[in-house]
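Shared chain: chain A. Partners: chain B in the first complex, chain C in the second.
Moving on to the complex of A and B:
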């Protein structure tokens, strides 16, 4: 491995790795703007991951697999939203319950269907189509980094653009943001804040389902607990990104890079593997602390 | 007949008991009553925020069912709430169009026409806000204008204003009243909810008086006077004037020296070299419009915020760096403005609320002695005639009784200094009167009392010395004499007068005190 070519594949894999973070965080951004701390991202992602790969294998169609994975995740989001909003349960508890439920459900179903508690491989699973365009790929550096990913990576970028438009340019976006800032103001105009909160939760179900689909379909297998805390990191990305789509994109690049770095470092640096695997999480903690410190100093009056 | 008839009987708490309200087109109709008389509930029904169990609403001769504010808007009914319903990080235009946004194509908002339409409404009615400014940068008076613009943008014909003047300065009230007269001239109908009788007399054509969920009287305003109205409201004669004996001052109990609070990134300090003292037997009133430093003074004296520079002395002791608990040990009693969050804990019992500041006294080998606490609490309940049972959650009490409970607790500490911040905000006449009497009792007893209030009647009625805040500075220090009026204080509050710049004025104020 030469010194010049080393960063390029690492950056290439950064782009691939960050896609699920980005999708989950963009969905979470909607719930965040609607005034809810959505800790269910992790569980919704896991449900998406499980069902998309199961259905893709069963139907032999990637598209149907992804679609049904998303349907499952949106359905789970609906139940989560119904209990939180209509039955008025504490959203933190119901979010926690959603995560526990997702973990249990996938485990039980996997065991019931395949009689196996471990990794389930699907040999004949169709691969995610990859965008490869020789002429684009010829662009130095950027071509190598940005081209040649599976299509869902590009879908995740599209979602960032779409989210920016919906949030800042549409009446729906205005209402969602209003709901988060002052639900009373929204209610006084005759709109139902609860309804916009539900929409936001369903959107997070949609993007988390897609995020989960990327995780399992690019592996071509279902790995228990495949999300591995990515939903939580996505939640952190929302705050680090200052609750804007662009900020979230940048935060996700950082997290994607951290994970990519730890993948590469395993073969190169002589450090215990556990430490290297923990690297993305350490980055998360450090980033979170740095963020709150910066906020603290900005908000606080200067002491003498 | 074109108007509204409303009949309604709620279960559980009987907020409105077979209430009839008739409002004629083109009039200003005042609805008055004490807190809990059912005025706000009645208006929420009319605006579709609550639903009646019985009764019907007729609007312009047609029976209507108002199931939500959307329907109310479509009928032409608009409402300005007492606590503004605005999104502070949105612009004026965004707030106004929220819920009925002009569309460019499909779901997209047409921002340009939103700003244009909203600006048109603002201009037509002579308001002074910029459609593109963020609401959080506006004054309270301007926020209210935005609420009114919101109604007019939706073509409201009947405008409901719930306690619109409670947060405004004298000048802002005047401009609001001009606006209302202007709207009346354009054929709008206005319902004015208030418990300030002066406003009723000044503004309304007719008045409906409510008490305990019932309508007790409907009068033409020209046929009644304030005394009669207050009797109808309260159900008995009440003393509108407080009896303030001439003061006798002793030594200073509280002194602030050049107290400054600076926030990084903000040019203007929140508090700018604040210096004053409160002597024993003296009641000092601090007036000002919200956002000019009143809240910061409360926080800095209460020990909840550190001064960037300057010193605070309580009983001659330097307490600048002390937090709330050690401050209380030195001798601070404090009735905060935010009584529901800072002053009381709503889910816990009245008993626990009463002893929270002195629970050490009830400890025996580390365990709270329930019997002593009960007896203590029951004594407070009786002394302050609080309508409560010692074991019930404080949240079950009415606003007035929560404030009485806080008052009882703070007065029980028998300190020589008490800080009151907005002590009667949202309270009815009877409860306010109670608070005033207690404050004057304290002063009479020789305690130093500091009253932070945006209510000028209160300041003028109670204070010996009046300080006025504007943009973090004390711009006026005045003896409360006969010649001092609300208008003068109002001019200071709006920054039209400022003594702090001219050294001679400060010097003469210092001199007159010595």
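Moving on to the complex of A and C:
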């Protein structure tokens, strides 16, 4: 019995774990398509995580907490975008700066408000509503895996659909993609590539804020450094997913499963958790090398 | 110096002064908002590192690793190669040095110590060189691949520290202590400052001459300025996708070895955390000039030391330094602050 029921909770937790990856990666996809390497995802998520739980506890309203967490993250994204685009700083360096800033700011504020730098628990924090529908849950296997998550998990799926539509079916998406692939053409149509870059950065701020909110609100506490490299994994998912929403979804499933495995596998299979956590990075670097090899030899072939 | 260079120097100096000034103003504002005794906190943040020889020595000690990683990044950036894996390379270097020291308990300090340092350099150079190799061979994005390899390496070293190499007699997450003969001489007691600061300064000067005066250094810089032109000039450009990366990784590995053999005497979990990222900031403040890396590293260490002193003597927390460093990070490449005299050169692809 335990052998057959073991994968179901593991897959269930895969779905829960991948939601923040997915949201951050979808936001990062916009900046990536607009031609920017956005390594600030991690920091933006951390800001979202910190402020959403603080405001949710302060106001007693889940909605206000999430909304204000997103506002904080979008604001940070705006600073990041302003310095990168208007003060013409290197976006990679300002991305690093955003991460350092987020770490410093959350620590300093946590210390000043709560007097300690450890985990901050909020006793009367409202819980995230969970979708539970007995009739849906009766669907074998899928019902157990896909039903019974908090609503933000479903929001993250919705985001993937929404992003696909915006990117491929709207003028806005076309312009964002054009900004990355041919900014000169965008400029020639009388539009400002810089403006679309800023929009893309703000979108990444929005989704990262939401991603952070999921992390801290489902814990019901603020844990310092709660993002723990998830923003980086999200960035990696963009590359493994070959910069498409569907590819990112698949990459996030793979990474979510790896992390879920590392939680469940302890004592079951003889692989240290650290190795399983290293897996997303290794598989992505291997995929990147394979991809560049194929491109390299194909180009060479066409030259002959 | 011609007028253009003077103008460039002037605008980059005022830009840097502006950057640092803005960072300080933000820290002061934050202290006024957050602290109940802002005067005291501000005094210790700015003057604290100079009030006690212990603080001052530790500040100098902290700059050592930053000089090495800053040099590593400066060499890579000068050559237009991108090493984003400094964190993992330094950590792996620390682990390599520890393993070598622990497995050679009965050698003399000079022989075994040299082996440990060379092992650390080789480890870092290999890890960074991999990214260089992939880019040279197949055009794989170096920025991303160096980061990914480093991220995986950090987790694997974490496993070694907490798993097979964990010291069971110690409650911390750390390896066993390295032998007495491998511990660098402390030269400014009671602070942790050790002799390796001499090596760090020497390395900076040597790197300067290597980049400016040697054949390899010249070709690396040429590739950094214009790879296509260098190809037509007959320079082996493929080689210089890998060599600067390996040098860069070697410096990071060295920084890891020094952190273990000079300061901690054991490989703690995350012993080099931050050295890689901060090395990038240090190199940028120094405008990738190896000699300027020394004051830039000292400045970064000063911010840390100031925040530490302010934490001990007033009611603010150490992470204030992070905010100051972040502000500098934010603005150090902002061309709008640096006028139009300086050449427009993009650091990351």
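Points worth noting:
Assume the second predicted complex is superposed on the first by the 265 of 304 C-alpha atoms of A that agree within 3 Å, B and C clash if a C-alpha of one lies under 4 Å from a C-alpha of the other, contacts with A are read in each partner's own complex, and residues count from 1 in each chain.
As a working rule, contacts are C-beta pairs under 8 Å (C-beta built on N, C-alpha and C of every residue); 3 or more make two chains touch, one makes a residue touch a chain.
It should be emphasised that the depicted structure is a prediction, and the values quoted were computed from it without experimental measurement.
More residues of chain A lie in contact with C than with the other chain of the pair chain B and chain C.
When the two structures are aligned on the shared chain, A:75 is found in touch with neither chain B nor chain C. After overlaying the two complexes on the shared chain, residue contacts for A:191 are found with chain B alone; chain C is out of touch. Shared-chain residue A:219: touches no atom of chain B or chain C. Touch criterion met: A:117 reaches chain C, while chain B stays clear of it.
Contacts of A:170 after superposition: chain B is touched, whereas chain C is not reached. Residue overlap on chain A between its contacts with chain B in one complex and with chain C in the other: absent. Interface residues of chain A facing chain C in the complex, by the touch rule stated above, are 37, 79, 83, 86-94, 96-98, 100-101, 103-105, 107-108, 111-112, 117, 229, 232, 236, 239, 272, 274-275, 277-278, 281-282, 284-285, 288-289, 292-293, 295-296.
Partner chain B is touched in their complex by these residues of chain A: 166, 169-172, 174-175, 177-178, 181-182, 184-191, 297-298, 300-304. Against chain A, in their complex, chain B makes its touches with residues 48-49, 68-73, 79, 81, 83, 85-90, 94-95, 98-101, 103, 107-109, 150, 261-265, 270, 306, 308-309. Touching chain A in their complex are the following residues of chain C: 30, 34, 134, 137-141, 143-145, 147-149, 151-152, 155-156, 158-159, 162-163, 277, 280-281, 284, 316-317, 319-323, 325-327, 329-337, 346-348.
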